[in-house]
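Okay, structure first, notes after.
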Amino acid sequence: MSKRRIYMDHAATTYVKPAVLEAMLPYFTENFGNPSSIHTTGQLARSAVDRAREQVAAAINALPQEIFFTGGGSESDNTALKGIAEAYAKKGNHIITTNIEHHAILHTCEWLEKNRGISVTYLDVDDKGRVTAEQVEAAIRPETILVSIMFANNEIGTIEPIAEIGAVCRKHGVLFHTDAVQAVGAVPVDVVAMNIDLLSMSAHKFYGPKGIGALYVKKGVRVPTFIHGGAQERGKRAGTENLPGIIGMGKAIELAVANMEESSKRVAALRDRLLKGILETIPDSRVNGDTEHRLPNNLNMCFRYIEGEALLLRLDLAGIEGSSGSACTSGSLDPSHVLLAIGLRPWFAAPNLGRRDDGRGRGLRACDPARNSENIARNVANI
Amino acid sequence: MLYSERVMDHFEHPRNAGEIEDADGVGQVGNAKCGDIMRMYIKVDENENITDVKFKTFGCGAAIATSSMATELIKGKSIKEALKLTNSAVVEALEGLPPVKIHCSVLAEEAIKAAIDNYYQRKNGGEGVTVNDACAACEH
Amino acid sequence: MSKRRIYMDHAATTYVKPAVLEAMLPYFTENFGNPSSIHTTGQLARSAVDRAREQVAAAINALPQEIFFTGGGSESDNTALKGIAEAYAKKGNHIITTNIEHHAILHTCEWLEKNRGISVTYLDVDDKGRVTAEQVEAAIRPETILVSIMFANNEIGTIEPIAEIGAVCRKHGVLFHTDAVQAVGAVPVDVVAMNIDLLSMSAHKFYGPKGIGALYVKKGVRVPTFIHGGAQERGKRAGTENLPGIIGMGKAIELAVANMEESSKRVAALRDRLLKGILETIPDSRVNGDTEHRLPNNLNMCFRYIEGEALLLRLDLAGIEGSSGSACTSGSLDPSHVLLAIGLRPWFAAPNLGRRDDGRGRGLRACDPARNSENIARNVANI
Amino acid sequence: MLYSERVMDHFEHPRNAGEIEDADGVGQVGNAKCGDIMRMYIKVDENENITDVKFKTFGCGAAIATSSMATELIKGKSIKEALKLTNSAVVEALEGLPPVKIHCSVLAEEAIKAAIDNYYQRKNGGEGVTVNDACAACEH
């Protein structure tokens, strides 16, 4: 890559922060032990895993024994939904979710409908992408075993009323899971205050490594074993622990939470300048989602008569990297289910140029909102 | 990379983009739901040779590149030859396409056939544009 | 750790080789893209994943599209068994395995028996830990859908007659899975010549990183989606790819296979010197498992009247790190099911001092077999 | 780490390891299947004070350390006091044990009780060793 590139796709994945990588490095080479081994090298690894579990727990106000490390956000989502459906099958067979969830939730729900006799209610969102606690309450039935509603949407950045939904679930004695993959590290998350019973997260969304995530399961909530074998993760997920990944996740979440308020403000201000520039320069452009309840690092726009991929390719040629829809479906033909759900016709392309940064990486500093909006405008005009 | 250099070249510098005001045949394929719409304009001389061709495409990079390549492949050819154009010839000329994008080459083939169809219809007194909004790849 | 330590627990896990870590590093920081993203950073990641998949495939004579990356050996084992049980439920409900498999196989089998109506035959091994193809053939029934037999045992290092078993399975039209977690990178594995339909591996056993593994699934063999969500791993395992992990696994397997013959010889020679030293110095000591069909890097012994953990602790204090039983069960009270299966009474402790090394790490060079056997002898005497 | 420093100290330097040839009571608990066997020897004077105690343990690090600590805790005490020894007192004195090893402290408590039992049996004319081979933690 000869040209300086501007990465605005932190919703898809982030790089690993230098401080995080530094924390991980010794665990590849020197302290590489198997945390289940009795000898010193093994026991040093064990202590490091314990410490990371505490870091992750602290970031969301959970207890260390409520954190189960997984291979990422999708695995956490799958484990939560399939696990609760299995463990609470005697109680009921109804799950409530929304129609803008990530595919890790939606496709799991479809599978549960087809293969496990689960009935799923997909709540409609409004034109900003929000559901209300009242909608959730109205959908609860005696046989409802789980409400699963994402904390923040990965395309349009809309934040759902999680605390209110949590209160409604608690009131009706229904378990509440939230896919907080986009929220953790970006906005405050408190599983106690928000009455959250299960929560999914993924380290590579907050400057941690890929291939490691966690599922929070409130003490007393039953989930069956997801991977059978050794006794790792208190018997729930067998397999030698991803030691450097766990250490990296612990460090990354600690840093993300420590800097959150300040970095959110800075990123949101830059985002708003970029938005203003684009709106002023590009006719028929508009912002999607909720401007009030929104991730500070998210920007999702549509440009009339512009097809998403074509714009992304052109922006990429100009050195600006964004996305349209979620990364997982970039290869697919279907228009984004999220944009359809908020009532957009598919020929409104919606590249997601949101980015999340702490000011130390390349994205933010390299990024001059005024120049970028012009650049984007030029490329929109070219198609 | 997602696309071959040849595809990127035709995406960045599309050949024959635009409209022909007094076209002899106009065909349109695809639909908005599926995300791609291609419109082809052809100019045909008395010997049934395609003297000019232009396209307007709303769609992804592959849709633009296949439209561009398809017009290049039939420009100056006889209608008979143009009818022999297959989507795989377009893919080959572009040095390949990702599997999920093969449907774009089918669209390009169909757009040309729709334009030729339209040319014959007009010769027989018809007018307007031949529209085939079935989508080659999706069930929408 | 002040003292120079000698690590002899490579069956539990290995460190990451410097060349492997070096190959991984750019993918944490610079080439950190989401392989599903359309932009340049994403597409560079995609190419790197493709290359690693080719490296893994080549090492076992498979096709790249037959390799599915997973979170490790346990996940691969679970996916294989649960997947085949589900996909071939119409064909039958019988699985054949052995009683010395890793817990990732045994506990999955138990779960399938309890929850999915699967009937499992656990073949007995002989006193060296081997099964025969004839035993397998005799156990095959019309409703048998899968034979799952480990390539090499993780405690005693016995190598099973995989090619013969593969031939028998092919003859009877039964699918054949092998847990090759201990074998890949240590001995030649050829899925075509050996008629293997599914194979599990784990990178951290051959100097790759922890938290990444693969499942080979022969073209045409059906396995259902294991994690629902995005279209990663051809729709079988959703979730943003563990990019550095995948790169590391590719590099590690390439190195392991390239040096295999030479390094096997060197390690086996050292192992045999250590064994000789121990047998000569320690009364009532013997070697467990098969001396002919054995992993070159494995040594498993028993010392009469010596309890395993106590010996390991004492060796650890002396700077020698080994194991007794598998790492996954170090925390458990039960004596090793493998040692029970080969007829050892539990008070024969069996620390596994086997190690696998390529001569560049600390273990092998630091390790003087003569001195070590004396050291072990002294510690045995002390208990 | 797996074990506290105190546990490691008692594992490395066990107090009161060995046998008492002319013991007044000998108790044994645990079994081979479970992996731990503890044998306790006590010497008791006319005032029912435990003047000497020794142990022989086949088992893991925790089994050795709990045996060692338990003997320390009862040495010089009266039998009445020794009977009050609980496994948690042993765990506490060792500054904790991992959850899977708590059963070792139960074994140590039971071994002492078996030795005292044996002392009373012998006083009433019995002989031999009191053996309790039930395992505190496992279902074997």
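In this document, chain identifiers A, B, C and D correspond to the written order of the chains, with residue numbering beginning at 1 in each.
Here is the rule we go by: contacts are C-beta pairs under 8 Å (C-beta built on N, C-alpha and C of every residue); 3 or more make two chains touch, one makes a residue touch a chain.
What you see is a predicted model, and the numbers here were worked out from it, not measured in a lab.
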item: Connected chain clusters in the absence of chain C; value: one piece
item: Winner on C-beta contact pairs when C-D is weighed against A-D; value: C-D
item: Between chain D and chain C, distance of the C-alpha-averaged centres to the nearest whole Å; value: 40
item: Separation of mean Cα positions, chain D and chain B [Å, integer]; value: 89
item: Separation of mean Cα positions, chain D and chain A [Å, integer]; value: 54
item: Centre-to-centre distance between chain C and chain A (centres being mean Cα positions), rounded to whole Å; value: 33
item: Multi-partner residues of chain C (each touching 2 or more other chains); value: 38, 309, 313, 331-332
item: Contacts with 2+ other chains: residues of chain D; value: none
item: Chain C residues within the chain B interface of the complex; value: 38, 43, 46-47
item: Interfacial residue positions of chain A with respect to chain B in the complex; value: 305, 307-310, 313-314, 317, 331-335, 345-347
item: Residue numbers on chain B that touch chain C, as the complex places them; value: 1-2
item: Residues of chain D touching chain C in the complex; value: 3, 8, 11-12, 32-36, 58-61, 63-64, 98, 100, 103, 137-138
item: In the complex with chain A, residue positions of chain C that touch it; value: 1, 5, 7, 9, 12-16, 18, 21, 25, 28-30, 32-34, 36-42, 70-75, 77-78, 102-105, 107-108, 110-111, 202, 204, 209-212, 225, 227-232, 238-245, 309, 312-313, 315-316, 321-324, 326-332
